[in-house]
Amino acid sequence: MTASTAPPSAPLLAIRGLSKAFLGVQALDGVDFTLRHGEIHALLGENGAGKSTLIKTLTGVYQRDGGTVALEGREIAPRGVEEAQRLHIGTVYQEVNLLPNLSVAENLFLGRQPMRWGLVDRGAMRRRARAVLQPYGLSVDVTAPLGRFSVATQQIIAIARAVDMSAKVLILDEPTASLDAQEVAVLFKVMRTLRSRGIGIVFVTHFLDQVYEVCDSITVLRNGRLVGERRTADLPRLDLVAMMLGRELEAAAHRIDLGPAELDSRPPLASFKGFGKARSVEPFDLDIRPGEVVALAGLLGSGRTETVRLVFGMDRADKGEATVDGRPARLRGPRDAVRLGFGFCPEDRKKEGIVGELSVRENIILALQARQGWLKPIPRRRQEEIADRFIRLLDIRTPDAERPIQLLSGGNQQKALLARWLATEPRLLILDEPTRGIDVGAHAEIIRLIERLCADGMALLVVSSELEEIVAYSRRVVVLRDRRHVAELRGGEVSVERIVAAIASETPNPIASETPNIEVRQ
Amino acid sequence: MTGALQRFLPLVVTTAVLVVGFLICAAQFPNFASWRVVANLLTDNAFLGITAVGMTFVILSGGIDLSVGAVIGFTTVLLAVLIEQGGWHPVPAFAVALIAAGGFGAAMGGVIHVFQMPPFIVTLAGMFIARGLGFVLTTDSVPINHPLYGELNDMALRFDFGLKLTLPALLMLGVVVAAVVLAHWTRFGANLYALGGNRQSAELMGVPVARTTVAVYGLSGLLAGLAGIVFSLYTGAGYSLAATGVELDTITAVVIGGTQLTGGYGYVVGTFVGVLIQGLIQTYITFDGSLSSWWTKIAIGVLLFVFILLQKGLLVVWAGRGGEPAEA
Amino acid sequence: ADKKLVVGFSQIGSESGWRAAETKTAKAEADKRGIDLKISDAQQKQENQIKAVRSFVAQGVDAIFIAPVVATGWDSVLKEAKEAKIPVVLLDRQIETKDPSLYMTAVTSDTVHEGRVAGEWLAKQTGGKCAVVELQGTVGSSPAINRKKGFDEIVAKNPGMKIVRTQSGDFTRAKGKEVMESFIKAENGGKGICAVYAHNDDMAVGAIQAIKEAGLKPGKDILVVSIDGVPDIFKAMSEGEANATVELTPNMAGPAYDALIAFKKDGKAPPKWIQTESALFTPDTAKAEYERRKDAY
Amino acid sequence: MTLSAPGPARNLPQYGALIAVLLANWLLFPDFFAIRLQDGRLFGSLIDVLNRGAPVALLAVGMTMVIATRGVDLSVGAVMAISGAIAATMTGAGWSLPAVLAASLAAGLLCGLWNGVLVAVLRIQPIIATLILMVAGRGIAQLVTEGQIVTFTSPALAFIGSGSFLTVPMPVVLTIVLLAVTALLVRATALGLMIEAVGINRLSSAGAGVNTPVVLVAVYVWCGLCAAVAGLIVTADIRGADANNAGLWLELDAILAVVVGGTSLLGGRFGLVLSVVGALIIQSMNTGILLSGFKPEFNLIVKAGVLLVVLLLQSPTLTLFLPRPRGARPIGTVKPPVAPTSGGAKP
């Protein structure tokens, strides 16, 4: 099933001894990596292991400190993305790096627009854009600005762009982080087609299932060093995890088993009646009790994110009412929510989560400080204590707490955000795609942490595309479709099959048409 | 609402504001609703419009260019010195002026990119330098008496119904049309929007950041130079203090025209309308003629405020809710 | 014609007290004669003045007054006014043009002459021996250029006179004071300075304060001569802190109206230049002059 | 970047530039550092630098925080004119000094509030929001003075401009006091952190519960107050309110001072003291030009040249070539090199 073209003697891509250091961090230390024609090659490692750095150094975003890269036997040293693209290397970087202000079509063809008579042929560009997106089952209005679409849609568009450009090498850095099962399946189909054409694919992910589903070989990094390269078939899962972590994974967390009766008897912490917003989510009822984990499941664009944004006051509901502790609550903005003891890790961490240039410490204490008000500053010593505690607790990989958070790897930023809210000891924590980009080790730890907190009475509202994850820790699942809450599964009913069934009923072609919404999130 | 209409909404709103403003003026003053006033609006604001087009590009790319007014002033002086004192023919003088202005802009773009310095500061220094060079050439105001100037000034396109488009007005219209094409039908235009949308992402998508930055400031300089030529035609003189404060006027026009100062969103046509709105405010005040210096300033401020509110208000009404891209 | 005359006046701005007084007087004189005066304030920009003139033409006024911010660049817009048969009067500054028929008359003083008057007074006062520091107006502005030119002529004639330092004080008090402070320091604590010549009174008033704060006596240790004749300089003179000023009358519009009315009545063209007086004032009359002026401003 | 480099080392470019400009002045004018006592007040070119630099330094203090929130306040010059006009007119009308000061400062606060509301509530882009007051404010100031230079003789008000406290000129004293109060206000509370957070990412900050509108309004109000104090100083200094010229174009100087001081125009980390140092660099340059005896035609070119050199020394690109303590904060770039320039910029 691999390469149909005659395999040339040299590997497609040969990286030898690649090194890259940042201020105080050796992000890559003499790493070797080999990509063959017609191969899907997983690049794995913990958060901060250096995967993204490898990719950026390879494609000329960063200038390397040492080492060589050969493409089909010829040495290359691209000095920028543009040059890498000319060498037929297409890349999807970790954070979706598209331009929200340009239309979908413009994003797809930026720098290589179809031309006619010296001018951009916009008609042809639109037609070709639709064609490029077609294999992904995405029929969006290609003239609408990209920023109007959800993160997932943007990610698919980024993938489509890279695929369309990479005649030789395709690099995907955590492309599946916010995709759901169906979309992942579509992506894999595309990847397999490319592989059969002899294209080499580098694939970074934290989902081991996906690795075993499509990858031919695996390279593992740890702390900027190469741990080893294996054929997927020769590497059992447990060994892979051990390779990544440098230790055995502790026994999987087991779910808390509070009987439904016990939980239901508790008075709800927060309850929402007829809560909704025009053009956003249909009015819904939702009760959240202390100690329970409520999950929202649904397809891309089904309104999960909108629901949790309403609950946190990020968007203002125009219908219905909220009650907290039995008293009517005002939810006119995140500040109200924070005062009520809510916390919220948003889906788009770069845009709405981190405060990039502030240090890890400041990012962690920000919400706590905001709740206390500006007049009561948290003493520096205490800030450091809090930061250090969570850095240890969540295993945030950073040289020290004073490092600007934007210099951390993606997964570690996510952990710092989680720390921001945990530091406020919230009563209700809302997580939108919480484990996005988090490695297996940390994933397990976070789930353990969440369960401990729930045992202490914290309630959790989670949006996740990982149905297994949902099933693993939630006792109640609300299923959304077309921005409507359509079903609720409780206790024993919670299973992947039931969720899928609820999502799928009456939905002919789930991701076929995501229409851009008029609304713009502020 | 369809996507297209929604995207052009700011533009539609701005134009509506212009039309409503014109109707109000016409209702208030006799002689206002005349082709002469319309022609004046175009001719008098030609240099501003041309400069503002360049500024629109710079702002779209996420930058700003404070040097344009000074470049206009310098260009007029350079032309006057070359033609009157150096005995040059205006045409080669125009060429030299355009090259100098464009080169100056490109140099600023180079500094901005290579040294990663904020455009605000680099172009502010550019403004000092351009004014300073003007002073060094001559502090006097120098009349330009070349016959070609007279001929160019008499050139105009006359329409039967009474509209007379002078050369400056035609130049401005031409620049606007060319700019629309440049912005929306060339790769350079797309790169500009990309750069303004998010510099980092643009770079990761392979946009040639260096080249685009240098080119956009070069273009702005070039257009400021062209505006300088128009200005020197308009006044028939060179003067180192000419066009002071034009940078703020152009920025205002660009923003009234619906372009975001943060870059990435906006239209050249909007800027053109913005320039006309500003011209309309001035014409209104002149027609009224009763305002003292200070009331003039207050009135300009208040009208600016009203226009901006009107724009925001209409956007909210028509789009249902703030149709602007979220600021971040 | 019985219809009220409508005059459009393109004023430079209100950058100084003198300018505001000119506008005020223009209005008062218009009211006296029953003229409808439309004023457009150009905020110190020529392009705004040109726009205003073109608007006046579009409006169809009976006459246009211009206080030109700069001497050049008026030909084409004046041609339009001429085509529309609207007479133009220049106030307080002349323009440079090849075609004097473009305007009817100019009511101005002679700014080069003002510089000369100030220089002559100083030469006489010091017996032609004096180290002068000069506070220039805004670089490139025509009064600054001309007032410097006139003064320089006199300096050139007196070998004992020398301009030891010259800098721009932008016609403002604050800058006048700042520049004078540094002059005093640069010239040996002010001991090397015999007189200060300021292109306008405002800068002179600023300079006087700087001299006082340096522990010197303005008007005695350092002579102060300036141009314009605004009330504050008369006050300073009456207190012995300034020595001379050359008046520039703010009533430029009055003579212009008269010429215009005469022209409208019987088509009599006025002379091309109605020159206002550039009278020199010294401390003897300062008190009375101050009282006379303080309300006109 | 804000790695924990030791304070002074991080600020090397600013202090270095200040010292270099002062030394250059000294070379041009040997008596530059000479200071004597004159009427119980320090007197000398160096004192002039501090004294004349005070208004811009004050503006820079307020402007720093506005810029830290990713805004800019173009109206400060006009606010100076308003506060000065009110002070001079009221003093002329016989009001007592406390009433005059209260009214002027209140005017400044009000102007700041207006700007803040436009930016934070109506969400108008700061440049344009404050441009409105920049234009109209000067008109308001002239309305108060009716276009005249309103002079006064009250020694009490004049004291603010030319008096002294322990031989130090009052403008300098006021600047130091306001700088200290401001520093205390932002650094002894959590306000500084919130200002930076809002400037870097308004959405994230709001999401973390920061009261972004209040933070924004607060910085504009404070900036208005600083401008009002600066306006009082220049009015008191010349014993008159020159509504048309007071503070004219000083907003550009203030912005320049902030940027020279190393605060990025794209918001985020700010340094109050460094902004004041920036203001002093600019003023030393101006004073140097005045002392040098160059023709005024060259003022602008000299100024631009010196500025470019000062800024280039801080450029992140040049720091790659120059030995520099680790973590020194380059001005100008805004973001740390998450995605450093590819292409030609690299050595």
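Miscellaneous remarks
Which chain is which? They are A, B, C and D, in the order written, and residues in each are numbered from 1.
To be clear about the criterion, contacts are C-beta pairs under 8 Å (C-beta built on N, C-alpha and C of every residue); 3 or more make two chains touch, one makes a residue touch a chain.
What you see is a predicted model, and the numbers here were worked out from it, not measured in a lab.
Steps from chain A to chain C, taking the shortest chain of touch contacts, total 2. Chain pairs A-D and B-D differ in how many C-beta pairs are in contact, and the one with more is B-D. Our note on geometry: chain A versus chain B, Cα centroid distance of 43 Å, whole angstroms. The centroid of the Cα atoms in chain B and the matching centroid in chain D are 29 Å apart. In terms of their C-alpha centroids, the spacing between chain C and chain D amounts to 34 Å.
Of all residues in chain C, those that touch two or more other chains are 13-14, 20, 23, 139.
Along chain A, residues 61, 80-82, 351, 522 each make contact with two or more other chains.
Along chain B, residues 135, 139, 200, 203-204, 208, 292-294, 296-297, 322, 326, 328 each make contact with two or more other chains.
Here the chains touching each other pair up as A-B, A-D, B-C, B-D, C-D. Residues of chain D touching chain A in their complex: 1-4, 188-191, 193-194, 196-197, 200-201, 203-211, 215, 268-269, 326-327, 335-336, 338-340, 342-343, 346. Taken together, the chain A residues at the contact with chain D in this complex read 23-24, 56, 60-63, 79-83, 312, 314, 333-335, 337-339, 344, 346, 351-359, 362, 366-367, 369-378, 400, 402-404, 406-407, 420, 522.
The residues of chain C lying in touch with chain B in their complex are 8, 11, 13-14, 20, 23, 37-41, 43-48, 50-52, 54-60, 70-76, 96-98, 138-142, 145. Against chain B, the residues of chain A that register as touching in their complex are 61, 80-82, 84-85, 91, 93, 97-102, 106-107, 110-111, 113, 115, 119-120, 122, 141, 143-145, 147, 279, 351, 516, 518-522.
By the touch criterion stated above, chain B contacts chain A in their complex at residues 1, 3-4, 6-7, 181, 184-187, 189-191, 193-194, 196-198, 200-208, 264-265, 319-326, 328.
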